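Down below are the structures I want you to see.
Heads up, the next two complexes both have chain A, just with different partners, chain B and then chain C.
Up next is the complex of A and B:
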């Protein structure tokens, strides 16, 4: 599986529960979805999400390079994760 | 007129081009800040005649800061209206404040429509950064003003009234009604004077602004910085969860946040050794500071002093401080794993008392009482609650009014000089991710929305800092949990909404007939682990 698909699956997997709690269908979520602005998860849960994605991918993310202000949408988050993923 | 405003106006006259605030990616000078604040002040004075408080709506927007300063310039009290609060709670805060004017920053003001529609009093809404917003009309005619309507006129200096409130904030209250606390100018001035000296803030310094405007620690950020001629750096909205990059980029010299923010920064690996060499003074407040976290921060900001602050809103921002010294022995660093809260600073007096309000033997635990020149005069329009918490104690030194914090503390005699350590709460107030929460308020809301007679809310999972969330238990037959939680979401800030709701036939009880919280937690943990 290519990195992009793995990242997408890992992020959506970690988001599934908060989406369902908020009454949203995970299948309806597109790349424009504003994860942080939507209010479905707070800062603590977002950090948990990053660490869960890291565990799921089995390789480290260079989190120190992450600028949270760039995380404007699901698509943007996936591009950033792709960039800061340290190849296993 | 307050000394605070006078000092900021003086900065604008003496060093007009010095930077005052960096926000939304732009730097504004003292002259620009005061110019924009004066526009807001003149518009307030022209458009709203009775001197009611001014509600400020907007977070991390330049105009929200100009609106706060503008309200004070107009001689008014400001009331921050939480942007992320559920509409009903925001409306309640607005109603209880008695405000008739809103200054709103930001593009989306649609969340304010409900407030306008249901208000029976005419409201003036000022939107200084754009056109007058088109909002649905209510039963009464409101005045909706935009940028073209701003009044450009010299603002007369308001009369100095040290006892009039500078700001009005609302905290969690046990009855389900938010509790208002108005802090007069002279209390804020006393704090700002003491803090500026203790934490050495001066011209050229670059100070963080992490706290939401509804949190009184933001008052420290704005007024300690501006009265010192320093520059305020407003962390952008998304970065505020872990602002390490912003700190580095802008070479901040003064840092102030909750321990929760520092803990999040640590989790995303922003606290590497030497990460923040520019920081000289770091302050933490709002919840217990774990020793391990203070050590990690000291190593990330190796040239910084680290102070742990303590203070309820009722005693103005913060009134105790302890300087953390990583080279000290463990018992001095913090027994129980958390850093002591120190001693009263500025004009604050402290006393540790038993249930009869008599001082305990030094070293023993008791309730912390606060006295001195930072005490609020009481709760906003609420003499009953004021009488319970603000008590006359003639046996204490100095005799007079003292505020009962409800915090259980003891004097750590190993520290030199002795320092006060936080031990817990006397009631069921907790900190959820740094926010002050009365569990009784969550229980009141649960009872009213579910129609059941009994509800218990518990902070869970417990962390070193308090709790990460709340789990709740109600008795109910045929009650569906999801609609109950949905209603909670419409009434309570997100950190107060239970993350799990258990519906039981009966509540387990302790021998004394109270709900057995320990058993309830065990029940919840069993279920979580079973999944």
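Up next is the complex of A and C:
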């Protein structure tokens, strides 16, 4: 099962450390939070996020065709991941 | 179209511009020759393989914002041919791409149809990403040994490198030479214990000797052929920033015992790309190399710390220093284990020598109209 709540928890779980380092409380993060624009993740943190989400959801994400310009917020990322994991 | 796709010939100018912005001058002024060099390395060499392509990351808004080079290498494991790729230049545009581009390009390349992926010019950041994707760092190959020959010249070369001033370098040379002459007693390498007969190592000779001498060492070997070695040596001959290519074979009683391939330049650090010899003759071939490099006026000799070289270089007063990381990735764990212990893939087979970020692209190569230049020698990912 890959509902949005599970995806959200997986993403926030992976982001917990960068968020805390940036002085943010993961519990206060809402869907409008700008993941990439906020500067809390660099290349390595993104890899950790990617691998953590994949481990949590139990499948490898095929992100190579993903337009990350659309990843304007946590909510947008979750919708994209949901679309990948649960194709229409 | 947005996302990752195989590179096309029509992308080359855009890739060169991206590379100039990210890894060279930081400007949009692309020197003549850079794009041609990319085209040669990506498309126009004997082992180019459309099934194992270099990749670009393209966005609808900004075009190509990321690139990773795929340099196909023919490799044998225990006599059986496998598909291998040397992962080359990894660049992403900090201003136009987000931190996802570099890792996604790397993962896509590693996930290609090849059995083995490696690189020999990786930064610590790329090492970290690579290892998270299941790759491994090779030691001691990620260390370098340095035999200092002319300490003042070596020190000034290193210190003046940041100013990039030929005038300053030229002006300081007489003083450094005087100091180094005074130190010769301690720094001049000992002559070889045995004078071996030497000859020029031509591409065909290299292929033969690699096979003949290599069988004593490792099961994971490059499956060289003369056209590719010819191409490789031709490219290495036209890298002014790296010095002159010197390739020598050594013989005893008419039988080959070893060879080396090195880049040598007066008053600068000479670089060893490969030294292969019969186990008992590694030391004497290294002595010949040191003697040649000394005679050429180099300030030091530097090479990758291959296991077979450890004892010989340690006994010749060399320093051991951290270097560009040598990384491997294999889809099969058994292959990765084999590589760790039994590989013979030197810098000559890698991408370390390419030096794209160091070339000035000022000299034409002649009839083929190719500029004498190359690109970067270490992977760059933004966001570090």
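As a convention for this text, the second predicted complex is superposed on the first by the 83 of 88 C-alpha atoms of A that agree within 3 Å, B and C clash if a C-alpha of one lies under 4 Å from a C-alpha of the other, contacts with A are read in each partner's own complex, and residues count from 1 in each chain.
Note that contacts are C-beta pairs under 8 Å (C-beta built on N, C-alpha and C of every residue); 3 or more make two chains touch, one makes a residue touch a chain.
Note that this is a predicted model, so its numbers are computed, not measured.
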{"item": "Touching partner for A:63 - first (chain B), second (chain C), both, neither", "value": "both"}
{"item": "Touched partner set for A:50, first chain B, second chain C, both or neither", "value": "both"}
{"item": "Shared contact residues on chain A - chain B and chain C", "value": "36, 42-44, 46-47, 50-51, 63-64, 66-69, 71"}
{"item": "Complex contact set, residues of chain B against chain A", "value": "84, 236-242, 244-245, 260, 264, 267-270, 272, 433, 468, 494-495"}
{"item": "Residue numbers on chain C that touch chain A, as the complex places them", "value": "2-4, 59-61, 98-104, 107-108, 125, 128-129, 132-133, 381-384"}
{"item": "Footprint of chain C on chain A - complex, ascending", "value": "36, 41-48, 50-51, 63-69, 71"}
{"item": "Partner chain B, residues of chain A touching it in the complex", "value": "36-37, 39, 42-44, 46-47, 50-51, 63-64, 66-72"}
